[in-house]
Amino acid sequence: MESSTGVKALKDVQSERDERRVPLKKVGVKNIEWPLKVLDKARGHQYTVAKISLSVDLRHDVRGTHMSRFVEVLNNLEMLSPAALLEILSEIKEKLQAEKSYLKMCFPYFLWKESPVSRLSSPLKIQALVEAESGIKSTITMGVKVPVHTLCPCSKEISENGAHNQRAVVEIYVRSKKMIWFEDLSEIAEKSASCPIYTLLKRPDEKFVTEMAYSNAKFVEDVTRDAALELEKDERIEWYKVQVTSFESIHNHDAFACVEKGWLHGADGDFA
Amino acid sequence: MESSTGVKALKDVQSERDERRVPLKKVGVKNIEWPLKVLDKARGHQYTVAKISLSVDLRHDVRGTHMSRFVEVLNNLEMLSPAALLEILSEIKEKLQAEKSYLKMCFPYFLWKESPVSRLSSPLKIQALVEAESGIKSTITMGVKVPVHTLCPCSKEISENGAHNQRAVVEIYVRSKKMIWFEDLSEIAEKSASCPIYTLLKRPDEKFVTEMAYSNAKFVEDVTRDAALELEKDERIEWYKVQVTSFESIHNHDAFACVEKGWLHGADGDFA
Amino acid sequence: MESSTGVKALKDVQSERDERRVPLKKVGVKNIEWPLKVLDKARGHQYTVAKISLSVDLRHDVRGTHMSRFVEVLNNLEMLSPAALLEILSEIKEKLQAEKSYLKMCFPYFLWKESPVSRLSSPLKIQALVEAESGIKSTITMGVKVPVHTLCPCSKEISENGAHNQRAVVEIYVRSKKMIWFEDLSEIAEKSASCPIYTLLKRPDEKFVTEMAYSNAKFVEDVTRDAALELEKDERIEWYKVQVTSFESIHNHDAFACVEKGWLHGADGDFA
Amino acid sequence: MESSTGVKALKDVQSERDERRVPLKKVGVKNIEWPLKVLDKARGHQYTVAKISLSVDLRHDVRGTHMSRFVEVLNNLEMLSPAALLEILSEIKEKLQAEKSYLKMCFPYFLWKESPVSRLSSPLKIQALVEAESGIKSTITMGVKVPVHTLCPCSKEISENGAHNQRAVVEIYVRSKKMIWFEDLSEIAEKSASCPIYTLLKRPDEKFVTEMAYSNAKFVEDVTRDAALELEKDERIEWYKVQVTSFESIHNHDAFACVEKGWLHGADGDFA
């Protein structure tokens, strides 16, 4: 038995009939690392390396999915954009005869920022996240993890001098009617903190950020609420989740707070 | 102004009134590492080190929570058990005047296993996870991540000799009416794989596991379904989730499959 | 052919003669996780979970080593102490007919500390490390990674108010003539920083540590030098290395400094 | 007091005289993430994201170094090459008035490989490492961590069918007289293993790699020796180190072996 490519046809074990009657929610590949070109608001595009998961649902009567097809579809990706994401998901559904397809990816993304006084430019790495799903309808969730600075209001209030402060990270995830840029979410994250952080700071800049943070003391609770209020104001955003984690400098553990749109009615059973 | 402990009363910034009208879903501490004594089915108890997250909800009109109280409650934990978990959550709710309290922890947990032929004993590390929540009612979710061995049915079928195989991990999370042991979940995980794995194997054992795996080829889809069927049979279990990840030895990425009880009607928006 | 255990003797492939004439520096197992009981200066002992690597050299004319024997030796370890370490290494050399044997392990280790004002006790996790080697003579290197607090002298000097500060970690490795406790090294680490850190702090404690750090501003360079001077004073210590890493709160990267005894004459080609 | 840039001159605390008489071996920044363009043997160049450490020695009589200057120098890097590395190190020495400067970086690097039978192309991620030092003379050490496949000769010999196999990683570090490409080192790594691994494999490819691995069983000791022999043959190479780690599929721990050029006379005190 020969296939058209000239190699002997090999048995397709994955396509065997399955009798266990257990449909699977997701079957696929994960932790694929992949070089990526991504849309960039300020510069047109930038290059990065993503960690990707791709999956589909699996009917109860089929033994397995064909994992190599996920990689074949990825091979066609030229530049990451919302349209390209949906195209990938749609191709996967078709190639794997599935009803639903899923994609998750995260990658370092760089913001080129100017220091506040000396106006020197340097790249700040944030973590970008995308989660998309295509079934009868499609949804794309976008996220960022932005490093910021928090200064403790309690420590400032009770101490003669100084106040403990630290690196923190603001995570924002959104679903929206219109395109939202990673840059837009990062701006909200930075604005909500005691102070943004930078890769390159000269002495006048260091003076500026130290004093700005001291005059703008915030708990993780404050940062979370201020980010939520900003997100509520943005009419493009249909759903959001904010989580702020502060690497407490007087402890060896972290403080965190989180909220999501309409959370009182939501479920949250995730292991994080 | 003096408190009863003789130190000057310091302003309680956290208790300030908040005007932003944003209730927070969770506020707390995470990544606390803590020495722990845990109930052990076979040996009574074992010692380990846990990574813990504790949190509460926060009313819209209060500025912050008192993070140190989470640690004070942990200080009272003597041995981890379902009862001790609920006691912690209840104390936290009270101390922090919250409506809901949450706990997550994960820790290495050891199973003392005998090798299959030479019957030599050695410890196998699994990862144990606990997630609990206390509001009007309380729920405890228990989980394990158990390392196992999978051998690819497709590779076996199409190749003259051998078959690629690899380390894999079976994750099982459950909610149950009655106490479930980590050992019970691990047993299901190991039984569903091509073969269990061991820390100590002599040559006769190595022959045994090699041959057992070869005669028991399984895709991640197979392992997931077989584990799900076992969990369906256990009457104590009200809800479960199974995820199997195989560190594919012919690729630099992983294959995975997952299912959960009644998943067709469930939501799953988690970033994992 | 039957062995005394009743199982058929299986060919010993590892013992085959090797003709490539390449002696190997180290052959062994790593990333074994193991429950451990460790000597504790204040409390007699404590329990933890270690990650362990064990290895030996391999003669040019032998094909492989017998990896299961490393695990058999570990099975005999009852309590970690310098004497137990040397015993393990000596047993390994003998069982594997090697000239040198090596051990590396790291594990979380807890210091029970009192907060500075309210005198409440809580556990602080440090990372403990042990590296030992046994050949013609034996050496044991002990290390700690201790979380501390650093406050930037430059930021304090140039700013009207406040100063950026952050969590940092002091790493100290030593070889000594007499037993050194993890507690001894941790004390040096904490003393050299702007301020120690704690798991449990009430408001009066938070005031104390904030003010102490502000009055004791230190660069990573300062912490490194102060720790080195302490180590030079300790007559038990024959060799040391100090590395301080500060998780800069105004940047998304870290600052570090390191020094070791007599470093000007040393080599340092390690990938870290 | 005004500087030429119009901002008030701020005190230079780092340049204060230090009286402790402790010269520091290294002072600098680490864990900076940076977008990078790298020379690529087959395609001219590729884009990636690096994690970077930069440092200098510090004289005993100076209090601190000026950390921001490391970032300023990085800002000038256009494409990573040996010449660019030495230029960076030389600039750093000058800007920081140091005698020695050091650089370490690691980044994902992609090899575009064809599957062995169906000849489909896909990217395989390896980890690339560069460590360089500039003092009186300069040295560059280059390294790769290449994922491969190993199949156990013992398991194959003693079992009726099959043999356990797994993903493994070959690490090679070299110093050379002439330029060595990451591709050259990767080729040695793949050739020394039981079989290379690929991101995209169709059924005929899977049959091929399964059978190739089965007919080419190798312990970590074998892979290490075979890689060492290849490196010995390459006249450009002055020094090398090989380490092979196999993620044993019948255990939850790893096996490893390592060797370096002339190791019997070398020192190796690194915590890895």
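Order as written gives the chain letters A, B, C and D; numbering starts at 1 within each chain.
In this section, contacts are C-beta pairs under 8 Å (C-beta built on N, C-alpha and C of every residue); 3 or more make two chains touch, one makes a residue touch a chain.
All values derive from a computational prediction rather than experimental measurement.
Enquirer: To the nearest 5 degrees, please report the angle of the rotation taking chain A's Cα atoms onto chain D.
Expert: Rotating chain A by 180 degrees superposes it on chain D.
Enquirer: Decide which interface, C-D or B-D, involves more C-beta pairs in contact, and give its chain pair.
Expert: Counting C-beta pairs in contact, C-D comes out ahead.
Enquirer: Using only Cα atoms to place each chain's centre, name the chain farthest from chain C.
Expert: Using the mean of the C-alpha atoms as each chain's centre, the farthest one from chain C is A.
Enquirer: Note whether the interface between chain B and chain C is symmetric in residue numbering, meaning over half of all numbers used appear on both sides, and answer same or different.
Expert: same
Enquirer: Using Cα averages as centroids, what's the distance between chain B and chain C in whole Å?
Expert: Inter-chain centre distance comes to 28 Å.
Enquirer: Take the average of all CA coordinates in chain B, do the same for chain D, and state the distance between these two points in whole angstrom.
Expert: So the centre of chain B lies 34 Å away from the centre of chain D.
Enquirer: From the C-alpha centre of chain C to that of chain D, how far is it in Å?
Expert: So the centroids are 24 Å from each other.
Enquirer: Provide the list of chain C residues touching at least two other chains, using ranges where the numbers run on.
Expert: Within chain C, the residues that touch at least two other chains are 10, 32-33, 125, 154, 158, 199, 201, 203, 207, 252-253.
Enquirer: Give the list of chain B residues in touch with chain A in this complex.
Expert: Residues of chain B touching chain A: 10-11, 13-14, 18, 20, 22-33, 53, 55, 58, 63-65, 67, 104, 129, 131, 141, 143, 153-154, 157-158, 173, 219-222, 224-226, 228-229, 245, 252-260, 263-264, 267-272.
Enquirer: Which chain D residues qualify as touching chain B in the complex?
Expert: These residues of chain D touch chain B: 124-125, 147, 149, 151, 154-156, 158-167, 195, 197-199, 201, 203, 206-207, 209-211, 213-215, 247-253.
Enquirer: In their complex, what parts of chain A are in touch with chain D?
Expert: Residue list for chain A touching chain D: 5, 7-8, 10, 12, 32-35, 46-49, 68, 71-72, 75, 108, 110, 117-118, 120-123, 125, 199-204, 207.
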